[in-house]
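Two complexes are shown next, each including chain A; its partner changes from chain B in the first to chain C in the second.
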Partner chain A sequence: MRKLIRSYTFRTVVQGLITIWAVMTFTFFLIRLMPGNPAQIKIDEYVDRYGMSEDQARQQVATLFNYDPDQPVFEQYVDYLSDLVRFDLGRSLTSTETPVAEQILRFLPWTLFSVGLALLVAFSLGVLVGLAMAYWRGGLLDNVMTVFASVIYAIPDYIIALLLIMVAGVQLKLIPVGELYGGSTQGIEPGFTVEYILDLLKHAFLPVFTYVLATIGGWMLTMKSSTISTLGEDYITVARARGLPERRLLTAYVGRNAMLPLMTRLAISIGFVVGGSAIIETLFLYPGLGRNLVLAIGLRDYTTMQGIFLVIAISVVVSNILADLLYGWLDPRVRLGGDKGTE
Partner chain B sequence: MKRILLIVALFALVAVGFAPAAAQDAPDGIFPGTWPYSLPPTHHLNLFAAGGPHDSTGIGNFYRQLVVMPFGFYRWDSATYEGLLAESWGFNEDNTKYVVTIKEGTWSDGTPLTANDAVVTYAIGRILNWADWNYLSDVVAVDDRTVEFIFNETGAGYTAERLIMKTRIAPAATYQALADEATALIAAGKTSDDQEWTDLATKIAEFRPDVLLASGPYTYSLEDIGDSYMTLHWQPNSIYSGSVQFGEIRLWQGETESTTPLVLNGDIAWATNVYPPATQQAFVDAGIRLVNVPLGYGAALLMQHDTYPFNIKEVRQAMAYAIDRDENAFFTNGFGATGTEYMAGVLDTMVSTLLDADSIAKLNHYDFDVDRAAELMETAGFTRDADGKWVDAEGKRISVEYKAPAEFADFLGASTNAVEQLNEFGFDITLRAIPWQQTAEDIRQGNFQLSVWSWAGGNPLASRQFFGPIQRFNYVGLSDGQKGMNFPMEFEYNGEMINLDALINDVSSGFDRDAQAQRAGRVALILNDLMPFIPLNIISAAQPFNESILTGAPADGDPLYAAPLDDAWMLKLLLEGVVRPAGS
Partner chain C sequence: MSASADVRAVLSEKSLVQRLSSGTRGTVRALLRNKAGFLGFLGVMFFIILTTLGPLVIPYEGDPRLDRLRPGARSLFAPPSVEHPLGLDVKGRDVLSHIVHGGGPLILTALEAGILTTIVAVALGAAAGLLGGFIDQIISAASNFILTIPQFPLLLVLATIVTFDNRLGMALLLAVLNWPTLMRAVRAQVMSLKSRDYVEAAFALDLGLWHITTREVLPNMISYIVVNMIFTIRSAMYFIIALMFLGLVPLTEPDWGMMIFIGKQQGSLSNPEAAWMLLAPVLAIALFQLSLVLFTRSLEEVFNPRLRQGV
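Entry: the complex of A and B
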């Protein structure tokens, strides 16, 4: 038992759980410090749009919303925790009685699909191109791709998205923007059919392309730098002196070792997949968790915000733990160093 | 054999004669509009719960009227109602009841529209504390199609009439059981303080009907709500099914940033979003017509009256003179805003309807005049320093902060320009853009010196037009402890003690339109003179209307354009079939 408690894995997992609780608590109080609350926003809407008096609007909203803004925050926190230990994320405040878990299950797969696919494509392409840039450094490919990667990496994803829409979509008419918006075409029956899968890919094209463009530069430059560093290692010189073919040298010796630092970054990036990219999803009307989060923040739907933040926190923490464990597994020196004298 | 053939022919004739309306074909056209609806499961089909079709996250206050209709449509230009579901309507002789007779018609499932639908709607509304019940004591079905709204002691009036006429009537076929529970609860003498009442309110909120029965010509199911657009399908059983010219209403999801390319590409033919001036120009350049329709409000410069020198009338008047409101309007919303002309506390388009002629003639228009503004500043004891800034007798400049909502492009534009103009005139104002929720909260708490929010409102009654911001963001209309603008509402004026709050509340009471206009005129003159806030401009939605896709929008300046979205011109013209696919 003592051995388990003092083990690297156990300590990492406990640290992760504490982190999740801390993030959850922090976000719980933080979102309540934001100006306005769901009831007040609805009251303002009723007063502005429907010409109700403040009292009339307040009266109606009190019944419409299952939320009492005057309840002490600590009491709300205790209620929230007691629901949470029963795996109940609560009910939406702005869509009365709609479970938050139902919303998350509805929108999460879309984000996982689009951002996950983009991460996979960007990572694979970035690693390959970065490796080539380093191997043939100083050449035309390296020069062109370094400039490209630096420029594209400096442009925020939402600017790329807007340029795609306005230039390629509206001005040049290269992309049928309206047809590509959303997650799938209305009327196509969901299922494992070629038609539906192709439709999913068609609709995911714009967000995935944007994510890939926005992130590939980072992967390319990191891989290039890591590869250059690896190429200077003694064992590469020895391998070359042994007369190993270049292809084997590149894949088995350079590529593998150069990818080591990128694996950690990849694992951490996987954690951020869940958060998606709220602005990109909003711009392309993609039905992911990020867009839902933006809507929930605008309406101050506390329970929905809390649920989504919790899922994001869990995914980031879990992926960090995986990164820790993965790195330890890939590079035994790290594991031994971390558990010096304990294992 | 002949006899058999005769009987068959007879049956065939009868069958044709009694063929249901469903045999009617759907019109061909698709109406491409937009609304920022939410997706299921947030979006559901309960008409009485947040997230349902009636909510702003459902299909919003315009499109919902094409599905579940109210009794009437209000003409802002003539202050009259036109019937939608209602065949006749009006107060009874002694003004103790409002009597509505419903048109002969059916719901989308073929069941008849009846007075019971209204009774059911209001029974549930009572549990949900609808504002209507502040004016009513009961709602009774007199016969199949006549319903009486019985006023409480103080309820009779045009405010209650508007609430009744604009309430969307829900189908008894869906909500009868819940309404029965509500009726039983009320009969048992329960009130909103009782647990049973709260339980029923929760039960109503949890209810999720499978089907949305429509009285209007369109309906939808949850399957029709797509990620990028949702479809309202034509249904054959409405009173208006024969006149509308579109088989589908396609509503693209999203706000301004998402819908802009869709408008430019022709995917959206009519939009009600507020687009920034540069986008409006892009629409014009693309050959898309812009239809100017007031949103029912404008940007007002608010002062916190505990802050020196905004507690001095002459300073406020000087500020009104020192701002070129036409310029300010352009910076607010490009082609979609106009400088306020009458400065009367009611929308310019409503002045002739709501105020008496004598008062209108006496209104000071505060035409842009920096010389007059300077005179007023000097009257208030200010002089200019070496930098041209106004200083008081103690040499103190008017150095204040102006809080504006960062996300509202129109209010921020109005604020930036107002600050620039006032600083040029000699003030020393620093603009601070903060989140809109924080701006609203700071105004409510009185934690500001200058700020911006809306004035007038989307209600055609004078009392409601005056409401914002002099009541809404002032201590009289706020919760306990919030002081807002803190403009004193009881004061001596022209040798007489007046209570401005009471005067505004009383403006629209009674049934004598002339007396109402005189009372409204009096309030307008007081606001016009004291200038407790500066109504900078009136914002309109420069609605893109793509005439290569749609036709039927009246010429600019048509009286129908006087109404904001709840009584929008498009509603009437869609239902009447005037707006139709281009080329049809």
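Entry: the complex of A and C
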């Protein structure tokens, strides 16, 4: 039995590793199929700006970064792979000599902070409201919130962001949008000071608020329908017949069980936190990984793109495995059912 | 006596089913039953009429209209007025004309993407479920693979490789990214149906894969497929506009996405006067997407007779 479990976990991990490798390889070649390459962009820049000859510029660029556009792609792939095995993501092609790993570590915290905070807020609020909606079904709260959730769920996140800026910011002047762009205010020393933390929260407000609005409707509606089906279960009727106080019933019996299907989703969502949202971060000039990826794509910074894609793929795969294991851990019924619980 | 009552019940039930599933009256009634769904239907219809018949009535203004500069004004932007119900944009052009002419290509591309995705997903899902074995493994692995790569960044990269001088290329690209979800559902459905008696009977009669898929399997999940197609259209539209938004696809005016892009470029995000140029496409996109989502509720009732009777 123990052997079996171990082999199941082992198989999942191996499968995950293969997926990561496949995504890495696929993106590696895909990225190099993009028209234009970083060296050529730099060479053109030198020719235009400093009036160098094509050859001169080419030599200059060759000394600047160790990327040779004429090297066969497959050789580049082998080089990259051998570096990767030693946990070396290489150096950025455009901001010369900055290790990609360092760059990712610089942008990742911003994305983790903003998207993670939004996920936490949207999930907890959505679950609470969804539970209340199902419990007082047909009431005022349910009717108002169902309309709200359906509407907000249907509108794309960047449309919400634009409306926030235009209506709440520019027209009504409720939010000082101009001050809130970027990650933090220049001149405030980073550190564990109240001032800096408040500043971080202030700048994260717009993206976080947008993410919350864009996702909370989904959580509310899912929780509502999950709660409604839980309320119909026999064990709820039994608990009620036993004369348990409604409050305990709602939290310990209904709430916990209704949340089960949402936990898997939550775990999967966590995987997508890392990628952030390229478009929202670009719109609010938030210095996260998503915006950095858009910039890297524009500059054809192969190694940076490669590194970011790899990090995203790893987090998605890991969170999928986590979701798998989490479900079995949270719901003993799945565990007892043996290892056929996953597809 | 009881036997005749039974027969009558069966007969009346049969006629009810027939009437509901084949008659247009039943469809209309199902459409009307869900209020939110009907509202969505009206919304979708509104945008379809606006973007197909509208261009016949309202001429397109593509060239800058400097003559509309009002005395003393610093820019050509104008708020809504009687002649221009949605105001003027940065070049003094009528915003309404851009809304009317700019929705068609976008909606059509999204529709093409939705149809293509559905075809690919159903074909692959049916193949995986019915054939099983090696083919199933390959298709499932491919779907897992696509689901692991974050869609939008991948689309950003692909958008630079595939050039979008034609709509179909864009639609195809979106189909390649979107098929896995529906494919999984079709595959699962096929797997569970495969052991049902009537499908086994069809197999035993050697009716062929095509017949089994189209006659036995698909009718059972038509409601799911249609709703999924609407959601694919919605997400296709989301991605197309997002690409334009970041200025990554060379697209031409008139287009709702381009209106947002140009509006953003021209600083109308911080200029209160310029709000209408951005607000109009933003609201159009929001309302169209909302209508699509609401519409799916009615579609579920139209295509799922069980749901209709069960109310």
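What we mean here is this: the second predicted complex is superposed on the first by the 302 of 343 C-alpha atoms of A that agree within 3 Å, B and C clash if a C-alpha of one lies under 4 Å from a C-alpha of the other, contacts with A are read in each partner's own complex, and residues count from 1 in each chain.
One rule holds for everything that comes next: a contact is a pair of C-beta atoms (placed from the backbone, for glycine too) under 8 Å apart; a residue touches a chain by one contact, two chains touch by 3 or more.
Bear in mind that the values here come from a model prediction, so they are computed numbers and not experimental data.
Q: Once the shared chain is lined up, is A:282 touching chain B (first), chain C (second), both, or neither of them?
A: A:282 contacts both chain B and chain C.
Q: Where does A:207 make contact in the superposed view: on chain B (first), on chain C (second), on both, or on neither?
A: A:207 sits against neither chain B nor chain C.
Q: Just to be sure I read the superposition right, which of the two partners does A:90 touch: chain B = first, chain C = second, or both, or neither?
A: neither
Q: Could you look at A:170 and tell me whether it touches chain B, chain C, both or neither (first, second, both, neither)?
A: Once the two structures are laid over each other on A, A:170 reaches both partners.
Q: Contact-wise, after the overlay, does A:33 reach chain B, chain C, both or neither (first, second, both, neither)?
A: second
Q: Would you sort A:60 into first (chain B), second (chain C), both or neither based on which partner it touches?
A: Touch partner of A:60: chain B, not chain C.
Q: When the two structures are overlaid on chain A, which partner does A:328 contact: first (chain B), second (chain C), both, or neither?
A: Once the two structures are laid over each other on A, A:328 reaches no partner at all.
Q: Examine A:183 and indicate which partner it touches, taking first as chain B and second as chain C; both and neither are also allowed.
A: first
Q: Counting touched residues of chain A, say whether chain B or chain C comes out ahead.
A: Counting contacted residues of chain A, the larger count belongs to B.
Q: Where on chain A do the contacts from chain B and from chain C line up?
A: Overlap of chain B and chain C footprints on chain A: residues 34-35, 165-166, 170, 177-178, 282.
Q: Once bound in the complex, which stretches of chain A touch chain B?
A: The touching residues are 34-36, 40-42, 44-45, 47-54, 56-57, 59-60, 62-66, 92, 94-99, 102-103, 106-107, 165-166, 169-170, 177-178, 181-186, 203, 282-287, 292, 295, 299-300.
Q: Over in the complex, which chain A residues touch chain C? Could you list them?
A: Residues in contact with chain C: 19, 22-23, 26-27, 30-31, 33-35, 150-151, 153-156, 158-159, 162-163, 165-166, 170-171, 177-178, 272, 275, 277-279, 282, 290, 293-294, 297, 305, 308-309, 312-313, 316-317, 320.
Q: Where on chain C is chain A touching in the complex?
A: 36, 144-145, 148-150, 152-154, 156-158, 160-161, 234, 238, 241-242, 245-246, 260, 269-272, 275, 278-279, 282, 285-286, 289-290, 292-294
Q: Touching residues of chain B toward chain A in the complex: what are they?
A: For chain B paired with chain A, touching residues are 38-44, 49-51, 56-57, 61, 127-131, 134, 192, 201-202, 205-206, 224, 226-231, 252-254, 257-258, 261-262, 264-265, 267, 297, 435, 437-438, 440-441, 454, 457-459, 461, 464, 467-468, 472, 477-479, 566.
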